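First subunit A sits with subunit B, and in the next complex the same chain sits with subunit C.
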Partner chain A sequence: MAPAFLILLAVLAYPILYTVEISFSELDLATFLPSEWVGWDNYETVLTDERFWHSLKVTGIYLAFAMPLQMVLGFAIAFLVNAEWRGRGLIRALFLIPMVVAPVVAGGLWRMMLDPLWGITNYLLGLLGVGPLDWFGDATLAMATIVLIDTWRWTPFVTLIATAGLLSLPQDVFEAAEIDGANWWVMLRHITLPLLVPIIAAAFVVRWLGAVKMFDIVLASTLGGPGRATNVINLFIYQEAFRGLKFAESAAMSVVVLIITMVLTAIFLRASRQLEARY
Partner chain B sequence: MSHLTPVTRRTALAAAAALSVPAAARAAVAPTDGGGLGTAEAPIALRMNANDAFAKMWQTVLIPEFNKKFPHIHVTIDGLPYSEHLTKTLLDLTGATPAYDLICNDDPWTPQIAQTGALLDLKKDCAAWTDADFDWNDFYAAPLAASEWKGVQYGVPLRSNMLLMFYNRTHYKKAGLPEPTPQLTWAEYMAQAPKLVQDVKGEGKVNAWAVSTYFARDQLTPTIWQAILNANGGRLLDKDGKAAFNTPVGVATLQTFVDLLKYAPPGAKSHVFNEELTAFRQGQLATMFMWGSVFRGTAIDPASTTLKPDEVGVQVMPVGSASAGTHRGIWSGEISRKTKYPRAAWTLLQWMSSKDGERFASANVGSFPARRSTLASKPEFPWLAPVFATLAQSYEVAQKGEMWRPRLAKSDAVQQVLADEVARATSGEISPADALKNAAGRIDKLRL
Partner chain C sequence: MLRHLLHRLRIAGSIAACAVFLFPVFWMALTSFKQQRDVFTSPPKLFFTPTIETYTTYLRFADVPGRMLNTVIVAVGAGLVSIIAGSMAGYALARIPLRGARTIGTLILLSRGVPPIALAVPMFLVARNLDITDKHITLILAYCTFLIPYVMWLMRGFFKSLPKELEESAIIDGCSRFGAFFRIIVPISLPGILSTFIFSIILAWEELLFALVLTNRNAVTAPVAVAGIAADMLNGVNWGALTAVGTITVLPVVFFALLVQKWLIKGLADGATKG
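The block that comes next holds the complex of A and B.
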């Protein structure tokens, strides 16, 4: 136990405790050490900063669209992939590619494809008489683009979990239902989905913990713009710390975000346990 | 749980730091001869950082040339992405045993690093190893001042960049407009811009636009507006470090910057360096406001441009009510105070910033000179002649109008505020007047 405890302390507890310490201090940029204890000042500054709340709102909008989309698509694709058809093994393998592409590469790739001057997307849409669309320059479209890129990257992850869940379902229940004359919709509604609830809940929580860290795709594609339309909280904290040199306030923001994330995660976990118990 | 109060914890930290100083100092103090210049048996290894856009070129082209003269100084140059460059440099140099003997610093960063005490004073600490023919007065004042802070010279210019106006002669001719001259005013430029949105390929639709530049939410985007502001006599900060741009001139010039988007290609709101450069090189722009160092890849090198050398013109940015416009962007070489080989490090910097080094670099690696004698001499290639002339003029213009980012330890913080608010104006989220009002309020809270 002792070595494990020490490793956990070093890699998990120390950075968090150091961040908490900085959040109550003023940081000396010459030494990168906390220089003066300032109490709750940094938290007061952060909580009265309209830009902090705006970034949280932007993050909320992104999560509100990306999470349901990725969950629905992920499970829908899993159902399709789970059906018996030739080549499904290859498709499963291909699905993993977006997950292993580096976020910066993914952001750059999508920037090229969606570029209004040279991108293939607008060219194809133009053939249908649509556009040209300014994917990164229009505030609404820019957020949609971030959701699109993130969905492209992470839906395969949900599909992977969902496929594993589907394969583990007891086949005898479905056979019995088929004998009783149940059609696919009835089986989906009354057997598959209830049995999948624990898997759906687990996939949601795992994906939530990944999505709430959104940073790299935005940095590589929109830089938080246009204006501040895609300025998610992690990018905001990064820019305030490493550009604005407000390390102490940024540490306070990180602590606030950590607390919000922990509370929401606890709620999701509790809800998932209740759903499991219900079904 | 610790029973230390914050104050006692700080005291403990300070004590620990004090205890560690002798050991760190022993490791860091250089020999009295500066570590020498190395021998065949005992060569010296120097490590330097530089922006990843040119680090590899320096390593493979510039350093071998340096080694012809100083074969026993082995130099490794690490390329760093721009977004991480300052932070990594700062963290490295303030550590007990920095990895870097030398650093390559962008224009606004010297004050921030110098305030930590991590840099050598080149005129004082390196005086004993300075070549007799190293002429400090030969540098133009503007590029040399980029690495000066509070009267101390911490660096020398290694890659001198200025924001300039590039133009496509074919587009001007096609639009029936006279070729731009350094006397072109902003009013004339904006009046001509609609005609430069045109069909240059005979496709029956618009396929070329008047301009693109940095428009996205990026720290360099405000530099374009700053160039217009400075050209019209405006200033970013007053002598007390308070915002001085929230004025009618500030608002009018930011409006001019926002209005450029009317004549820019689709998607320009998200353009930064790469997008505007690619569009210009592909013949889709009549003008771009861009760093001078891209000239070779834009006008000369067929591997990176579709344009012919005689198609591309370069000059200072248009004239406002006070002067022409430009913006300084100098990469300077500086030496870590903790290097064991300050003499070898200074020898490298002296060579790179010497007339020989500058001439070699401008002809072979696209780094432009900062010395009067180099810019006044006949360049190695004819295409460099107009570039040299424009650079010389831009140095004078920049010096006169103080066209650079704030010389403060919190320079990046100021630029980030401007990047945020200028981006809100270019996106149409708020008006230029509101953007400047917000920016001024936030900058004044930075306690500069």
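The block that comes next holds the complex of A and C.
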């Protein structure tokens, strides 16, 4: 027990406290140490920075589209994958592959596939009479692009959790209901959904914990562009800190983001536990 | 009859979905064996004379072997530290009656939501002041921030599912808590420990942000190399380099993931759904 907590204190708790300290200070770029205590100045700068709000908004849009899409797709594919036949194990194993492709590689390889001129996606869409689409040049399409790449990378993860969850559903309940003459709507509404809710909630929380860290895929595909259209908050803070060397302001942004994330995570955890208790 | 058809459709659907999800990886590997003139064609070429030119060119050019070695050192190192520290702590949380064990559990789960960027800034500053940037050990410690909570959580659930009588009888026979843990619990939990270990390595293997921030020459990892190629806005993306380095980066983890797929699937699913 002790070693884990010592390491976690050193590499998790200490950096967080240090971020808070920097966020209230001015950072001396000669020594890379916080020098003067400036109170809420950095927060004021950050909270009046329109770009910061824009990045939060972009992150929100990404989450609002990607999360539901991946949950629905993940569970739908899990339903398909769970069909009993000889190849089921193989299919499940193969679904592991996109999951272990490094997100930065995923971003890069999709950047190639979605290339407006030479990419295979536009070629295939062209066969259907669609396009050519400028996946990285148009603000709306660029957002769709990162949602698409993220969905490709993470849906198999949801599928995996969902397949296990669906397989663990008690089969006898369904059989009993069928014998009692329940139709499929009643079965779905009163048996399947209530049984599924805890699994959906758990998958949602786990996916959320990963989705708020969105960074690699954007960096490797759109780099936040065009303009700032896909500049998610993690990328924005990264650029401000390590390209702009505005460490103090970045620290203040990190603290704001940390608080937002923690509050939302706590809410989701609570909600998921309540759902589990209710059903 | 209808039921039979539905079953067939489900199977066909699952195969189709699998193919769609695998295609990008296949396409990347395929492109890595193309010559420049076969890459930029319309329609895209499925058949061509394969070459390993891209590999021989870019592997030396981008010091890929060196970066792969760094990735291996860092990933295995971080995996080892976190599996040892994390499974001991997970055991303690699962078994030793502690006041606030539930709160600690919630805190661990919450800590998995900490955005890495909030840690990257102070870590960079501290590492710079201690003059330990660009070292493997720094990256290993940085990866513990997300690996240890993850391992603790998975292993806690795993140990909870074991019958208590196992170590109780060992302790009655004169084993210490530690003795019982190492002689009884660890051996029977080996599959769980191993799959968690491998997944930790995979997570560390593909990490980008910390590696980007904490390394610049000696300890640079493969994902950083990929990011450098993909985010090269000046010269445009070098597809040959991207696909070759990307394929090499992905290949080892795909191999390991498939090797232990049964444990991995079970471990991941349990870790996500059992609290």
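FYI, the second predicted complex is superposed on the first by the 269 of 279 C-alpha atoms of A that agree within 3 Å, B and C clash if a C-alpha of one lies under 4 Å from a C-alpha of the other, contacts with A are read in each partner's own complex, and residues count from 1 in each chain.
By our rule, a residue touches a chain if its C-beta (ideal position, glycine included) is under 8 Å from a C-beta of that chain, and two chains touch if they have at least 3 such contacts.
In this text the structure is predicted, and so the values were computed from the model without any measurement.
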Discussion item. Tell me the contact category for A:Asp41 with respect to subunit B and subunit C: first, second, both or neither.
Written reply: neither
Item to complete: Check the residue A:Leu223 against both partner chains and state whether it touches subunit B (first), subunit C (second), both, or neither.
Response: both
Practice prompt. Give one of first, second, both or neither to describe whether A:Ile161 is in contact with subunit B, with subunit C, with both, or with none.
Written response: second
Discussion item. Tell me the contact category for A:Leu109 with respect to subunit B and subunit C: first, second, both or neither.
Written reply: second
Discussion item. One more residue to check, A:Leu269. First (subunit B), second (subunit C), both or neither?
Written reply: second
Item to complete: Considering only the touch criterion stated at the top, classify A:Phe32 as touching first (subunit B), second (subunit C), both, or neither.
Response: both
Worksheet item: Where does A:Phe242 make contact in the superposed view: on subunit B (first), on subunit C (second), on both, or on neither?
Response: both
Discussion item. Applying the document's definition of touching, compare subunit B and subunit C: which contacts more of subunit A?
Written reply: C
Fill in: Common ground on subunit A, meaning residues reached by subunit C in one complex and by subunit B in the other
31-33, 117-118, 219, 223, 242
Fill in: Residues of subunit C that touch subunit A when the two form their complex
7, 10-11, 13-15, 17-18, 21-22, 24-25, 27-28, 31, 39-44, 81, 84-86, 88-89, 91-93, 96, 106, 109-126, 128-129, 141-142, 144-145, 148-149, 152, 202, 205-206, 208-209, 212-213, 222-223, 226-227, 229-231, 233, 237, 239, 242-243, 246, 249-250, 253-254, 257-258, 261, 264-266, 268-270, 272-273, 275
Discussion item. Applying the document's contact rule, which stretches of subunit B touch subunit A when the two form their complex?
Written reply: 6-7, 10, 13, 17, 83, 86-87, 90-91, 94, 112, 115-117, 216-219, 265-270, 272, 275, 278-279, 284, 409-410, 412-413, 415-417, 419-420, 423-424, 426-430
Worksheet item: Which residues, counting only subunit A, touch subunit C once they are in their complex?
Response: 1, 3-5, 7-8, 10-12, 14-16, 18-19, 22, 27, 31-33, 77, 79-85, 87-88, 91-113, 117-118, 120, 123, 152, 155-157, 160-161, 163-165, 198-199, 202-203, 206, 208-209, 212-213, 215-216, 219-221, 223, 234, 237-238, 241-242, 247, 250-251, 254-255, 257-258, 261-262, 265-266, 269, 273, 276
Worksheet entry | Partner subunit B, residues of subunit A touching it in the complex | 24-25, 29-35, 37, 51, 115-118, 132, 134-137, 139, 142, 219, 222-229, 231, 239-240, 242-246
